[in-house]
Each structure stands twice: as structure tokens, then as C-alpha cells.
Amino acid sequence: MEIEEKFRQLKSRGEGAYMPHVYYGDPNEEFSIELIKTLVENGADMLEFGVPFSDPIADGPTFIAACERALRGGMTPTRCIEGVRKLRKAGVDVPIILTTYYNIPYVMGLEKFTKTVKEAGVQGLIIPDLPIEESDELLRFAEKSNIRVIFQVAPTTSDERLEKIVSAASGFLYVVNVEGVTGARESLLESTVNLLKKVRARTDVPLMAGFGISKGEHAAAMVSNGADGVITGSAVAKIYSKNLKSPEKTLQEIAKFAAEMKQACKERNKSSTS
Amino acid sequence: MKGRFGKFGGRYVSEVLMHALIELEEAFEKFYPTDDFRQELDGLFRDYGGRPTPLYRAKKISELVGCKVYLKREDLLCGGSHKLNNSLGQALLAKRMGKTRLITETAAGQHGISAAMAANVVGLDVEVFMGVKDIERQASNVKRIKLLGAKVTPVETGMGVLKDAVSDTLREWATCTRDTHYLMGSTVGPHPFPEIVATFQSVIGKELKAQIMEMEGRLPDAVVACGSGGSNAVGAFRPFVSERDVRLYFVEGGGERLDADNSAAAFSLGKPGVLHGAAMQIMQDEHGQIKPSKTRAAGLNYPGRGPEISHLCDSGRVKPCHAFDKDVFEAVRVMSEKEGLIPALETAHAIAYVLNNGKEFERDEVVVINYSGRGDKDLETIVRYFYGD
Amino acid sequence: MKGRFGKFGGRYVSEVLMHALIELEEAFEKFYPTDDFRQELDGLFRDYGGRPTPLYRAKKISELVGCKVYLKREDLLCGGSHKLNNSLGQALLAKRMGKTRLITETAAGQHGISAAMAANVVGLDVEVFMGVKDIERQASNVKRIKLLGAKVTPVETGMGVLKDAVSDTLREWATCTRDTHYLMGSTVGPHPFPEIVATFQSVIGKELKAQIMEMEGRLPDAVVACGSGGSNAVGAFRPFVSERDVRLYFVEGGGERLDADNSAAAFSLGKPGVLHGAAMQIMQDEHGQIKPSKTRAAGLNYPGRGPEISHLCDSGRVKPCHAFDKDVFEAVRVMSEKEGLIPALETAHAIAYVLNNGKEFERDEVVVINYSGRGDKDLETIVRYFYGD
Amino acid sequence: MEIEEKFRQLKSRGEGAYMPHVYYGDPNEEFSIELIKTLVENGADMLEFGVPFSDPIADGPTFIAACERALRGGMTPTRCIEGVRKLRKAGVDVPIILTTYYNIPYVMGLEKFTKTVKEAGVQGLIIPDLPIEESDELLRFAEKSNIRVIFQVAPTTSDERLEKIVSAASGFLYVVNVEGVTGARESLLESTVNLLKKVRARTDVPLMAGFGISKGEHAAAMVSNGADGVITGSAVAKIYSKNLKSPEKTLQEIAKFAAEMKQACKERNKSSTS
């Protein structure tokens, strides 16, 4: 399913979108597949599929550790792309947004990368270390492969740059709501709401709020204040990291978490700015 | 294009850092050209740092090599290496920008020291991120940094080495750009860092050029510098890049031997990639995962080569080369016994290359080694190498 | 009278050394005034040593003290202290005299290092005598000296400290004056040593005078230097002795407290006597047996004060004072955190005196501290003092 | 007995003088007294009586250790002078030459020092760190107290300085026959003979050869080549240093040594330059 279709669907149901972020292969591939299935079955509308990188400079401690474990376990970008194929075969049909750092596509070659991931079943790309200024080439090849490049906007993004980002945006925009890196926070910033309003005034592209969302109430606050959905980052990894020997034992808790997040995304009208 | 050196450079950072880089770029363009800034910086260079550093004709080394060898004495800069040039410049810039705090990372500790010094002189707080492994290896410099009142934050992510410290400092910066400046320690990172660092370091090359013209009445035939990020090399090379007759040599850490797990020779073993915000020459596996580098010289232990030196080597203007650990230690011995100077292990790479490649230099050629730092910080390592425990 | 400073100085050595001292005196008078010698020395001072050393206006320290404090940056001299001025001078002189070998003694190790450096530069062999206790306390400098190719000979006689090393070096010299020069490390010993050392060190004061005239347009109100033998102090003071309005302060090691077994304050606790070839102020018992001095600063741990500084203090021209160990460590901390400079423990005595006696210096007075050396050699001691083991 | 008289006596007997050097109080005062008696009884014509000093820069390892032991045992210059008195009382009547470093008389005051030691029974002074150039004051007070100041001459002493030394000399001249410090050497230098000849040509003052004399044959060679006698330095201390717990047990060996040295001094005509 393409991203746009997913948002049309959700819109028609009056729901916000929920997208969890996982690093594929942490702590092993089998678990990742089970994890993703669980997330999708329990409410994930889309999947942020992380390709582990050795130096994830935009990630916090939980995801740094996740990348390290996955790489130690032998995960590679090629095996990740293979993993997307497996997921599709296994019936996972939500849009998959592949996330990785720019060096991975850079080394594979942008053309080959975009083509290969598209063929495997990927709908969009998030490259956290690729700002709009550096993305011409990727945009060109992504367009060729009919794949979306998801950009971020932040409270610190200037109007001038916001203009540029908005005009290149497709799929959705990733609204970074804290001046920080991924990591579960206990409260949200006032500024996020202002940011959502500011971006909304300039584009109809869906807005997904991310960074630091780890509770239903965070999600509800976001969707109630103009977000088209939320992304949870390390929250899920935090749950299974508590039991890395038998992570499958945490799937039930993760299912509950996903369901709660999705539920919150549906409640946009019941909640208000927190 | 601004911030680009051929196919290298750029600004590959997450959105939350972009405004800080733009702010920094603007501030640099605004303040650096002013007389006020230059005067204050030149004053600190001279009175605090000890600039100009001398150009010393190393007679004994000259005899050994069979040409005229000069040493550009950055070891005499306050703090013991070229690092202060950059730290003073950036600290001053941060102060002008209204920042109250510096963060930075360090491997050998030299940059951490110079950052702490500069922060104190200018009046800023400072926090230094350092890989746990480097903290262990560079114990005495850690003490120096703490004594200078800086906070040292151990970095446990990754391998606990420089590249991880850079990553963590970037992460930290993303949370505090409003009041904090990231004092990048070498000509690496996203634009404008490589340009800023090279600008502040090019005082080396400017002095060197004037000094050699005075002493020899002509340009040198070759300039040799060690490096990883490339700041001392680019600083020394810049004024000579357009002088096509001046050969430029960049000596990286060969480590034990030329294979990716035992070396830091990114020009021999790496390929272009993107790391820490810039496209550059990097040691990495076939998938693009960064490889840890390995050399006994902590300051060369970085898998990437800054954009400018990457381009200079890629374009053929600079000859990339390397020296192996054992030749490096031998160079330390020779320099100590012949000229009475104990070089930093990093610096000793440049010396080793010249000592071992005398054939490249003809009898009346003038060769300048950028003598980037003194070996005090490496004394334990050096002594253990020669005399055992 | 030649070699006399008031009632101090002279040449109290056994007959077998007399000819060597006379030869040295004649050589100094013959070579030192020549253009050839001066040019070579000035060249080494500049290109090898890094002279002129800066005069740095220490703003934060100035605020703390309540006057304008400048630091004469001998820490930036190659080797990390003022010692090289003298070593280069004497090594060059020894070479001119046809000697092939230098012997010397060292306590902190700073002079041993500078002697080894100078020997290598000039092309002489070198042997350094060092008390076994000092060898233990200054382990890292011992390693430096060895790395520089010098022979280090442990001195087990007496207490195994500096005064014993001086004695042993004099004994050794008596057996080998024909080919060997004794590179006396401070303004002590028999004539002509105090004069030679002071002459070579007075480059400090000459530069300082010109620099302060340029920066302040007038002479300083005070010059403060630490010392034991007195070489850095005399070097800094000489050009100001005849300027009666310039106050001169000589800060010796107060040690733990002012009693003869816990201090090195020879001006407070000693009296005139004859040691190591000269009449000078000395810590001794009522019978004239020399007392070992005690201070945490190895370089101040000598019971005698050279003839010239003895006379300058005796005549009232220089004010002798002292700083206690605990204030010295505090001065290290303040200088490190405020100005980013870690001073040698010796140097920190001068700093401590100024910090603790702000009342002596008025608001717009200009005070110059001769910043004789950097603290790298003392890092272990300093860190242990502040942070424990 | 004055020094001059001693030399006259010896000359009339055709003998060279033998003078051993001891540091008083090493390892204790009682032993020193016994030692000195033994030496005198076995042939010592004069005594070099060392007052221990903390920094004996003209002495070698044996005497450095001797000074240290004596000082550790509480020996002081005052007690040394008292010791001379004791020796005189005990019947030791050879000339006593008191040796110490210049700081000792300097601190006591030269006038007081010369007077006191003379009163105690000292005939001469050796101050190894007092060259002719620095000795005006001491010479003045010594003359007042009718005490000799013994100067050294060395192979490196210039003609000009030799002239000065010779003209100030009294008692005897101490001929330093190696370029070195006290310490037993195995062989003698040719230059010594030349030095003895050179000095003899300029003065009638007796010449005592010292430094490095530890065997009869050394002594014999000296007296056969123009010396009026010899001084043994550390040789005696070396003997008793072997048994510092009971040094008195070595007195027999020391007696033998002294007798051998004295014997050698008598044999000036039987021996020749070695």
C-alpha cells in the first residue's frame, strides 16, 4: 500500500496514524519479524524499518545499542532489504518506510539502492542525516523508483528552509518535536503545537510527530493538535531490551503498547493539548 | 559550492542541527573578517599561544635524509600541539555568538586540552567527550583536562573511541545548540566546520611560507604533514596548494600493517562515504558500515579523512602516504637523539616518512615537516615500547 | 672583584678544578662577545627554543589580584622551562672550547632535559647526575632524559637529592675536565658559573623589558620570580636592578611550614656559608653542616641561594619571600582554571605569592610574574594532591 | 711538634714522611682514637685529621661514607677539636693537620677557628675547597695563630698560579698526583714525577704526594722521585669499612698497612720510578 493511500484511509476513518520504529535484526532477525507482525496486528498503520548503521548519530542510547546488537548479529543492509521481502511475503501490507543513515545508500549507489528497496516492497525513505540541501540526487532516483523521501521539520527550522522542505515533501513530513535525539521523554513541548500549526499552514502533506513519544497521552495530544499521526521511536525497543535473552516474552507487552498508541491516535477529539 | 571540496564535504546532519550550522556559518562570515576579531585572535595567538612558532633547520635529520629538512615547530605552541590555533579561534567565535558553553570531543586528549585552555581564556564552560578506551589510554591528558576545569564525559557507545565520541558530541549538541558551541577539533564534520578549522589552522602555512622565503629565499620543494582529520596538514598546505611546484605529502597512520583491522590508512584502505556530517574518504566495509581504525597514535585513530584533504588527495594535488608503527617509534628515537626533540606519535609519522623515503628528496631540496606536536603525552607509550615495563 | 657579588660568590674548589674554571672563564670572555657566537646562540634561541617567549596579560588573574598581572611565558620555551636558555648557551660554549662531553646534574629533571636537548643540538655527549630520590620522584622526566640519549647516573651519596648530585658532578668533573664541560644548571657554583648562567638567562629580562615597554609604555612596578639557585629570577631581574622604582620579589619554597626540616626557605632559615664552590645564603646547622631543604617543588629543593640572588636580597634590592606548599597547589588550580595554564610547581610559588599578597600591589600597578615553566612534569603530584590516588 | 721540625727530623734520618688521613668519629670516636694511636705507633709521621663535613665535594665514595657515618654518630667540629685535645693528652705527639671544608671555619669565624684549633694542638690546616685565590683571610688568621695552611698543587696548576702557591706555602705542599678525587688507584701517572720536579725547582717547602696512594710501591715510587713523603687517603678507611660492626678487629691489619707504608718511605733509594 502506498503512503498516500494509507493516509486517505485513515482520514476517512477519522484516525491518526501510528508508526513504530524498529531496527531490523535486533537482537536477531526472527524476533524482528515477530515484533513487526505483532506491531502491525495491534494497530501500527505504517512501519519505520530501521537498517542498522555503525554510527547512528541521530539516535539515542536505546537505538545505538539496538544497532550495535543487530550489527554484531551479522545484520547487513542487503539482509535488511531481504527482510522487507520476507515481511511482504508474510503478509505484512502496511507502508514500510525504510530508515537508515546516508552512508548506506551512498555506498550502494543511490540508483541501485532506491530501485532495490522499492522492489523489495518499501514505500518511503527516512535518512535522518540528509537535510533538504543535500538531497537532490536521492530525490531524483527516488522519484524514478516511485519512492517517497520523508523530510524532517523542527522548531528550529527557519521559514526559508521550511519553504524548501515543504515544496519537496511527499508521503509525509516528520515533525521533530524536541530539540534532541530519539529517546522517550515524559512531557511534550509547547513549541511542538506551534510547529504543527506553522507547517500545516503551508502544506497539506500529512504531518507525523515523532521523537520522545512513549505514552498514549503524548500521542493523543499530538493528534489533537494537528498531527496526522505519531511515530514512536525507542519506546518499543526499550520494552524488549529488558529481556534480550528471550525478547519474544515481551511481545505481549509490546502488543498492548501498540494498541494503546493506536487507540490514542483514534481519540484525537477526546483529548486536548497537554 | 560552499562547503564542498570536489565530491567531498557537504552538510549531512539531522534537521535539528541545521540551524546551528547555518548560524555558525553566518557568524563566521560576519566576525572573522573584522579587524576586531582578527586583532583579538592574533593577540591571543601571539601572547597566549606563542605564535609565530619557529621554523627550525634540523641539521642532523637533514644529514640523515640527504636534503634540507626544516621543522615547523607547532610543538612549541601552548598546549604542545597545533590544536590551540583552532580552539582559540572557535572559542572566540563562540563568545562573539553569545554562547556560554563549549562541547567537544578528543582522542589523544590534545584537542581536549586546547579546548579547555581556550575556554578558560575566553571565559566559557567546557565539556569534553572522550571514548572510554581513549580515557584509559590517555590518562595523563585526561588529568590535564580536568585540572583545567573542564568536565570530561566518558563515551561508552560503539568502541569507546574517537568516532564514537564525535557521534555522542553531535548528539549532545542537538539538545543544546542555543547556548552551546561544538568546538570541532579537526577539519571534519559538516560545513562550515572544515572551512572554519582550516582557516584558523592556516596560520601555520602562512607563517611557514614567510619563514622559508626569509631563510631560503624560495618556496620549499615539499611540505610533509601527518594527519587523520587533516587539520594540521591542511593548515600547513593551504598557502602552497596553488604553488604547483611544491610537493605536498599527507602521512596517515599505517598502524601495524596495511589491512583494515590493523591500520588507520584510510587513503589506502578506505573509500568515499558519509560520516559525521560530511562526505569524505572513510575506512568502511563493503556495506558502508564504518570500520574502527587502528594505530598507536591516538590522534590519527579516526577512520575518516576530512573533506578538504580527501579532495586534495583524490585530485592528486597531495600525495597520500602512511608510516607503520615500528617506523614511527624509530622516528621518535632518531628525532630525540639527533635533535633533542621528542615528537608526538602523530608527528613522528611525518618524520618517519621523510626518514624512510630519502630517495624522494634530492640533495639540495628543501623539505618542511609540519612538526605538529610534542611527545609528552605519549611518553609512557614510547618508553614502554623501547624499554618495556 | 670578578666573581663576587657583595660578600657572596667566589671560587671555592679544589686545586684540580681551578684550571678548568679559569679556562671556562677565559673562553666565556673570548667567545661570548663575538658576533659569531651571538648569532648562533640567537638563532638557536629563536628557531630551536622558540624565543622570544610572549608576555601575556593574564586578565583573570589580574582581576583576582587587583592589578595588571603579566606572565613572562618561559613555559613556552622548548623543553617547558627557562632552563634551555642556559643549556644552549653553555653547550655552544663547550663546543667552542673543543669539549666533547657535557656533565650536569638535575633535580626536577628540567635542567637535565634542557641539557640533553642542547647537547644533541650542538653535538655533544651528555651524562646527567641525579639523586636517587629525585629519580624516583621525577620518573617521567628521567624517561625523557634517557629518550634524548643522555646517560642518567643515579647519585646515592648523601640524601640522594640535588645537593648530592651537584657534589658528585663536581667530583666527576675533577676527573675529566680536559674533554668535559660541567653544564651548571643554575646561578650557583664557583665563578664563572653564576655569571655565565645569569648572562644566558638574562635574555628573559631583556625581552620582558622591551615587551612591557611596548605594551604598557612604561616599566613594570614589580617583577616576581620563584627560585632556589636563582637563574630564572636573576635572568628576569638583571635589566631592572638599576631601575630603582621596579620592585623585585624572589619567592622561595616555604615547604610545609617555616622550620628548617620542613622548608626550603633559605633566606628565612639560612645564613651565609660556602657550598659547591661559592659563598652564598645556605640552610645549615650551627656548625656549618648543610641542611637538606624540603619542598614539594623539586626544582626549588636546594639549600643554597646563588651568589647574585644572595647579594640582591642581602642588600635589600630584592625582597626575599616564600610560599607554602598548600598555597602553591591552590595557585596551580587557580591558574589552570582561570587562564588555562598549568604551571610548574616552582612557578606556582611566584603565582601564589602574588595571589596571596594582593595588598602589596595597587590597582593600576603592572606586575610581571616570570612564568618559569609548565606543570607537565608535576602532573602526577598535582593530581594526587587534588584527587588522591 | 711543629711540621718543620718533623721534616727536619726525617730528613736527618733520610726518611720520607708518611701521613694517613682519617675522618674523626667514623664510625665512632672511640675507634678513631684507637685508630690514630695505631697509625702513629706503626709509623705515621703526621696525621691528617678530618673534620667530617656534610658535603665533602673533594672526597670519593669511601670518605663520603665515612663523613656520613661520623655525622650520623653525632660528630661535630667542636667535638673534633675536643678530640685533638684528647689525642694530645693520650700522648699522640706527631704534627696534626686538620682537614675540613671551608664552610666549617667560615661559619665558626676564621679567627675563632684558627685560635681554637691551635690551642687544641693542631699544627696545620688543609681546606681542600680553598684555593690560593680565596685564602687571604685564612692565611692572615693562621699566621696570627702560628698555624700552617697547606695548599695543593696539581698537574693542571698553571705556572703562574704555582708561583703564587709556592710563595704562600708553608708546612708542606700537597701534591695531587692524579686528576681526580681521593680514592685508591692501582697505578701512578708519569706526570706526577714531572710535577714533583717542577715544584721542587721552585721551592724548598716539603712536598707530600697524595691522592690514590694505597700500596707501598706507590709510596716508594713517590719518595724515590722527589717527594718528601706520601699521604694515604681512603686506604685506611677502606680497611676498617669492611667490618664496621667491630672495626677494632681491623686494627691489626691497619697496623701492618701503616708499617708497610712507612717502610716504603724509608726505601727511597732502593726503588725507582715505577
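As written, the chain order gives the labels A, B, C and D, with residue 1 at the start of each chain.
Note that in this section a residue touches a chain if its C-beta (ideal position, glycine included) is under 8 Å from a C-beta of that chain, and two chains touch if they have at least 3 such contacts.
Nothing here was measured: the structure is a model prediction, and the numbers come from that model.
Peer 1: Show which chains lie in contact with chain A and also with chain D.
Peer 2: none
Peer 1: Can you compute the centre-to-centre distance for chain B and chain C, using the mean CA position of each chain? Integer Å is fine.
Peer 2: Distance between chain centres: 34 Å.
Peer 1: Counting in whole Å, what is the centre-to-centre distance of chain B and chain D, each centre being its mean C-alpha position?
Peer 2: So the centroids are 67 Å from each other.
Peer 1: Would you mind listing the residues of chain D that make contact with two or more other chains?
Peer 2: Within chain D, no residue touches at least two other chains.
Peer 1: If I apply the definition of touch given earlier, which pairs of chains qualify?
Peer 2: All chain pairs meeting the touch criterion are A-B, B-C, C-D.
Peer 1: With touch defined as at the start, can you tell me which chain D residues reach chain C in the complex?
Peer 2: Going by the criterion above, the answer is residues 53-61, 64-65, 68, 71, 76-78, 101-104, 106-108, 128-131, 133-134, 151-154, 156-158, 161, 176, 179-181.
Peer 1: Quick check on the complex: what are the chain C residues that touch chain D?
Peer 2: 10-16, 18-20, 22, 157-158, 163-164, 167, 170-171, 174-178, 271-277, 279, 282, 284, 286-290
Peer 1: Which part of chain B faces chain C closely enough to touch in the complex?
Peer 2: 46-50, 53-57, 60, 73, 75-76, 78, 116-121, 123, 140, 143-144, 146-149, 332-333, 336-342, 376, 379-380, 382-383, 386-387
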